[in-house]
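One chain, chain A, links the two complexes that follow: it is found with chain B in the first and with chain C in the second.
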Partner chain A sequence: MKLSTFIARRLVLSLGVLLGLSILIFIIARVVPGDPVRLALGARAPQDVVERVSAEMHLDKPYPTQYVIWLKGVIQGDFGTSLYTRRNVSEDIKAFLPATLELSLFAGILMTFFGILLGVLSVQKKNSWVDNIVRMISYLGVVTPAFVFAIIFVLLFGYLLSAFPVSGRLAEGITPPPVISGMITIDSLITGNFRAFFSAITHLFLPALALSMAGLSQQARIARSSMSDNLQKDYILAHRACGLSERKIMFKYLLKPSLIPTVSILGLDFAALLSNAFLVEMVFNWPGISRYGVNAILTKDLNAVAAVVMILGITFVSINILVDIIVAYLDPRIRMRRDRTGA
Partner chain B sequence: MSARRVFVLILLFILLSVFAFGCGAGDSTVPDENDTGDLPEQPADGLTYLRVTFSWPTYIDPAVGSDYSSSTALCNIYDTLIYPNADGSFEPHLAREWEVSDDNLTYRFYLNEGVMFHDGSELTASDVKFSFDRLQAIGEGYAYIFSDRISAVEVVDDYTVDFILPQPFGPFLTTLTRLYIINEDLVMANTLDGPYGDFGDYGKEFLNTNGAGSGAYKVKEFDVATLLVLEKYDDYFSYIDPLAPDVFELIGTTEAATVRTGMMRREIDISDQWQTLEAFNSLEDIEGVDVARWPDGGQLYLMMNTQKPPLDDIHIRRALSWAFNYDALTQNIYPGTAPAKGPVSSVLPGWNSNVFQYSFDLDKAAEEIALSKYAGQLDQYPIEYAWTAEVADLEKIALMTQAEAQKVGLNIEIVKTPWMSLIDQSGSIDTTPHLTSIWVSPHYGEAGSILEAKYHSSNTGSWEQTEWLLNDEVDSLLEQAMATVDREERFALYRDTQELIVELAPTIFAYDNMERHAYQTHYINWPQSADPIPVMGYNFVARFISVDPVKRAELLGN
Partner chain C sequence: MLNSNNAIDTADEIRSKLWQVRKDNFKRSWYKFTGNRLSLVGLIIVLIVIVLAVFAPWVTPYPEHRGAFVDFSNAMQAPNAENWLGTDSVGRDILTRIIFGFRFSLIMGFVVIGLAAPPGIIAGLVAGYFRDTWVDTLIMRITDVFLAVPPLILAMAITAVLPPNVFYAMLAVTLMWWPWYARLVYGIASSLQNEFFVQAAQITGASRSYIIFREILPNCVSAIFTKMTLDLGIVIIIASSLSFVGLGAQPPTPDLGTMVADGAKYMPDQWWMTVCPALAIVFVVLGFNLLGDGLRDMLAVEEV
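Up next is the complex of A and B:
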């Protein structure tokens, strides 16, 4: 099967998944108790105002009709009005998504770089104290929730050491760059505003590190395990017999095949960063989509909840497709198997 | 060079940059044009800042916002005709004076001339009418205060405006602290299509993120999810403290670690009130930080559904009132607070200081039960106590109440209930639990505000009144009070109402809520914290608060 056919098939299947997700989240959001309009307008808002706003949001119609109206809007890029921010949800997403993407991207870079680095280090120094420390860090990282790291980092690097800012995206008095991508680091680099760039990087570091810890630890463990397995294989023995240096064997012949399981998990970890970001965003007062989503859930902001879940769903599906393509590139056998089986 | 090496080098560059700027900045905290790290963060623009944390969201449209942070923002961005004082009285503000017709149905206000909106246009009577009409048309925020109370607002001339009332409304002048005057021309120039006929959307979308006021602060930046930045308006018509902050930031976080770190680094000047007791104790340990405390006019009420057996029997309600351990609550769960006295907080004008208050006495509780028609069969009438799942302390209160009540044979079943479910359940008598514990605060500074919301029959079905008292005598007294313009006469009726309500025992009046805020006493002078105004938001009017940058620098070691 050609790669393009494979991608097309995955895309069609993904549309089905997203449609199912949209129905599920639409139902879940509505069966949760509480009148969202009453909640938004307050206990003393007159009933006629509550009814008017409900009608404006089509909440007075049967569920199937509501769903059709909502889905039509979504297809046109209109997620409806948020009861939390009182503006179009699309505007909210435009405002908050780049902040979370920037945070997740930076966390993803930290996760990938340090995860693989620690894994390699662990294999190189197998069964030494270095290996033991890396393994301990990995276990701790996997079992500790991101928000715990967030609070520890705030107290350690913010409170005790005063080394990093702990709130927001830019220092006060620094003019943010014009919005191009919405990611301050990228926009400031594009516009040559290095002052904003470094301020943004320092603000990013702690939340990104906290967010990356679980994935980083998992990557380190998987990289170590995968490399350890491959280290025993005949082709490595053959390379050694040919007199290649350990360094060359490690980085040229061992690392690439060992990365296949790492990359497979990496994709899921990247997607998980988006959904795990909410508590980190809360702790660091980071104006991102995850924090927005949590507030939307707490205030039963139906349109915002549905939009955030759909955005996360789309991201998950997209990353999964991307991972499949990368794995196919890294492992020629997978491509060959597809050709043989037509799968 | 391979692509991989380039990638790794870029990564290393970024990481080294982070460490270089992150760690290097720790050596110096002096604001420096070239210091891009700014750690701890220092304003690089030479302005003075007042940064306060709040729970979110904040709405800056006067026809939408009514919660704490919204009220604070509105009090700073907009002006009102009158201004409230700490003793519950009020003084002229946009209106220099007013007069009332003999029948108490027309209030004529004479406006100060030369009051300028932030865009430089003059505030006139037409803006007052527009503000009122818009608030009523939209119907959200504080609109309920004026609904059915004011029939029309009429412009007499540019600086004179009449408010026409359908019937006398005693607290009318007090309620005007919630009518914020907006710039009609600016709003109408920014309307979109909407449901309000010729007024389109009445500028709702515009005012969602923009200001249109004349207040001492104007909107500089509004990130609807986390941050509102206000800057001082130099042409303000009234008093501004010479050391009032140039910039007032409302920050949307209540996260304890962030607040503590921010306070320690002097990046947060006043904390929100939602920190735990332990967190406040910890904040108080920071040099130069103290905790300001004042009663906020609200109370924690344990509301009893008076229509459901066995609480439809006044003796069971009284028994529960006697069986509640007030001292344990105020000493162990909320130290520093005092038990309430009646249904109105002691700081609200119109409070009855002589009203009877129950105390913890299990013998008297047992006596009341013996008088009840349910005596001897209470095991058949379990009392469902719903506590709000989002507030952990409320579970402690529920458990304490259950334990004490059990000693006199009252069978309480505790149910953890999400806030949204509780709102739903409050909609009808049948679904309302027997007991709910909820804080309720007044929306204007008079006893009538809380009494009407909590006990008038027209307000049943909301979470503020799960007692379902439905008592004609209470309704009648409240209606009389509301229609009485003379303040002393009205307050006398409030006092009578309070006595009647205590007699009926629909509620356990747990304690007067104490608002707490940690703040930087070394460089912040916050007069309202010493002499608080009993109207939500007004204690954060930043033009009266002074920030001393020199003293702040001292604390930072500069």
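Up next is the complex of A and C:
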């Protein structure tokens, strides 16, 4: 299969998945709860008000019609209005999503960089104390929930060492840069506001580290095992026989093929980042989409819930497509295989 | 005479031989399992947690502190001789509540896995057996949809339309958990479809359900079993995360996630209120993970 065919196939499949997801979300948010307007307005609201609001939001029509109307809106980026605040859900999401994306992207960078670094270190010093420490970290990373990391980092680095701020996105008294992308680090760089940039980075570091720990350990684990597998292969022996230095073998010939498994689980790791962001944002008072989502869930604001889940689903699916394409580029064998049972 | 020197054995002899073989197999597996000390540590942790959880009312120092109990004169005590792990904001013993919290975590884990695995396994078996037909496509596409959303977020969305309590939290996690089993079993089942023993069964006229459940399923058991052990830890993490956000168990239920969230309000001065239950979660999950890894090595499972 050519790379372009592979990409086209992958895109079509993903569209199907997103369509299915929209049906699933519609069922969860509209069909299951019964009458959402009655839920929102309370049991004592007069019947005619309930009917008027229902008609305004097309909730009086049969479910399939409702679904089509909702889906049309979603495709145009309109998720309807919140049943509580009466504000446009898309506007709210536009305001909150960048903070979460900034956090997840930064965590993703930390995860990939330190994960692979730790993996390389532990292969280089196999069975030494370095290796043992890396293995211990990667074990703890897998079994520790993100919010536990967040709390321990807050106590350790925030309060005990006072090395990092523990809440918010900027220090008090620093004027935030004008909103361009909504990500403070990027906006402050674009506008050349280095004080704000520095403050934003220090605020970002702890939550991003807490968020990245799970993926980081997984990356380290996989990098270690795939590198030690490849180390046994004949081509490495051949390179050694030719007298190449260990360093050159490690970085030029061993690292690249060994990265394929770590890249291919990046998609799953990013899913973990997006959902764990909910927990980390709570601990660090991070004004992201998660807090908005949790509030929407607690108040049963179903349009907002549907929007948050749909947006995260779309983000996740797009990242997975990207990851698949990168992997297919790196490893032509993947393109040939039927992609169903694969990762 | 006839009996002693040829293959025709009595039923009893066959049974005792079978028993002997099983005993040998078990011994061999146990030897393999204990070869890695970490697996043994995992087993011990899991056993400790199970025993504590089962006998919680008898082993905890203050069993009455499990629910709504108030003793303000003893509130927020740091760890001391009477309260080994300190007390919380209303004066309840944290150690007691952690041990009762183990109970909730374990029940949650066992119920969710117990409910999610069977439908997932059946879906995977059926899709695998009918590989490349519309049944396969339908089932696996549905699982793809479920797998397209991060699990915690889907669980949260489901709890959104239901009242926030333990029961619905379990239901939500169950609903998003079955696709993982479907995918695991599908992978194995579809690869077995062309094996000779399956074809042999088909030729002898065995029914579809016989082939699926008696020929294919036994080959998936060790993978399923290993995944279940590993998943118990993950479900406990997800459940405690849900309660941490406020969507799972509600106070005064002694749930580890809820306790961490409550205690976090009193950071950094009363750190033990949040750190102790947090480490308790890590302890349980570590146990199940080490045990699961040990099982994986012992049963030589690759897929999980």
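Operating definition for what follows: the second predicted complex is superposed on the first by the 290 of 343 C-alpha atoms of A that agree within 3 Å, B and C clash if a C-alpha of one lies under 4 Å from a C-alpha of the other, contacts with A are read in each partner's own complex, and residues count from 1 in each chain.
One rule holds for everything that comes next: a residue touches a chain if its C-beta (ideal position, glycine included) is under 8 Å from a C-beta of that chain, and two chains touch if they have at least 3 such contacts.
From a predicted model like this one, the values you see are computed outputs, not experimental measurements.
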So in the superposed three-chain picture, is A:V323 touching just chain B, just chain C, both, or none of them (first/second/both/neither)? neither
Practice problem: For A:I151, select first, second, both or neither according to whether it touches chain B, chain C, the two together, or no partner. | Solution: both
Regarding the shared-chain residue A:A29, is it in contact with chain B (first), chain C (second), both, or neither?
second
With the two complexes superposed on chain A, say which partner A:Y159 touches: chain B (first), chain C (second), both, or neither.
both
Discussion item. Contacts for A:L140 in the overlay, against chain B (first) and chain C (second): which applies, first, second, both or neither?
Written reply: second
Exercise for the section: Using the touch definition from the top, say if A:K300 reaches chain B (first), chain C (second), both or neither. Expected result: both
Q.
One more residue to check, A:F284. First (chain B), second (chain C), both or neither?
A. first
After the superposition on A, what does A:M183 contact: first (chain B), second (chain C), both or neither? neither
Check your understanding: First (chain B), second (chain C), both or neither: which does A:A271 touch?
Key -> second
Where chain B and chain C land on the same part of chain A: residues 32-33, 151, 154-155, 158-159, 282-283, 300
Seen from chain A, its contact residues with chain B in the complex are 32-35, 38-39, 41-46, 48-49, 52, 56, 84-87, 92, 95-96, 109, 113, 150-151, 154-155, 157-159, 161-168, 171-174, 194-195, 198-199, 201-202, 205, 282-287, 291-292, 295, 299-300
Given the complex, residues on chain B that touch chain A span 8, 11, 14-15, 17-18, 21-23, 25-26, 31, 36-45, 47, 49, 56-57, 59, 61, 64, 66-67, 138-140, 143-144, 147, 195, 204-205, 208-209, 223-227, 251-253, 255, 257-258, 260-262, 264-265, 267, 418-421, 423-424, 443, 453, 459, 462-464
In their shared complex, chain A is touched by residues of chain C numbered 140-142, 144-146, 148-154, 156-162, 164, 186-187, 190, 233, 237, 240-241, 244-247, 257, 260-261, 264, 267-268, 271, 274-275, 278-279, 281-282, 285-286, 289
Residue set of chain A touching chain C in the complex reads 13, 16-18, 20-21, 23-25, 28-29, 32-33, 139-140, 142-148, 151-152, 154-155, 158-160, 271-272, 274-276, 278-279, 282-283, 293-294, 296-298, 300, 302, 305-306, 308-309, 312-313, 316-317, 340-341
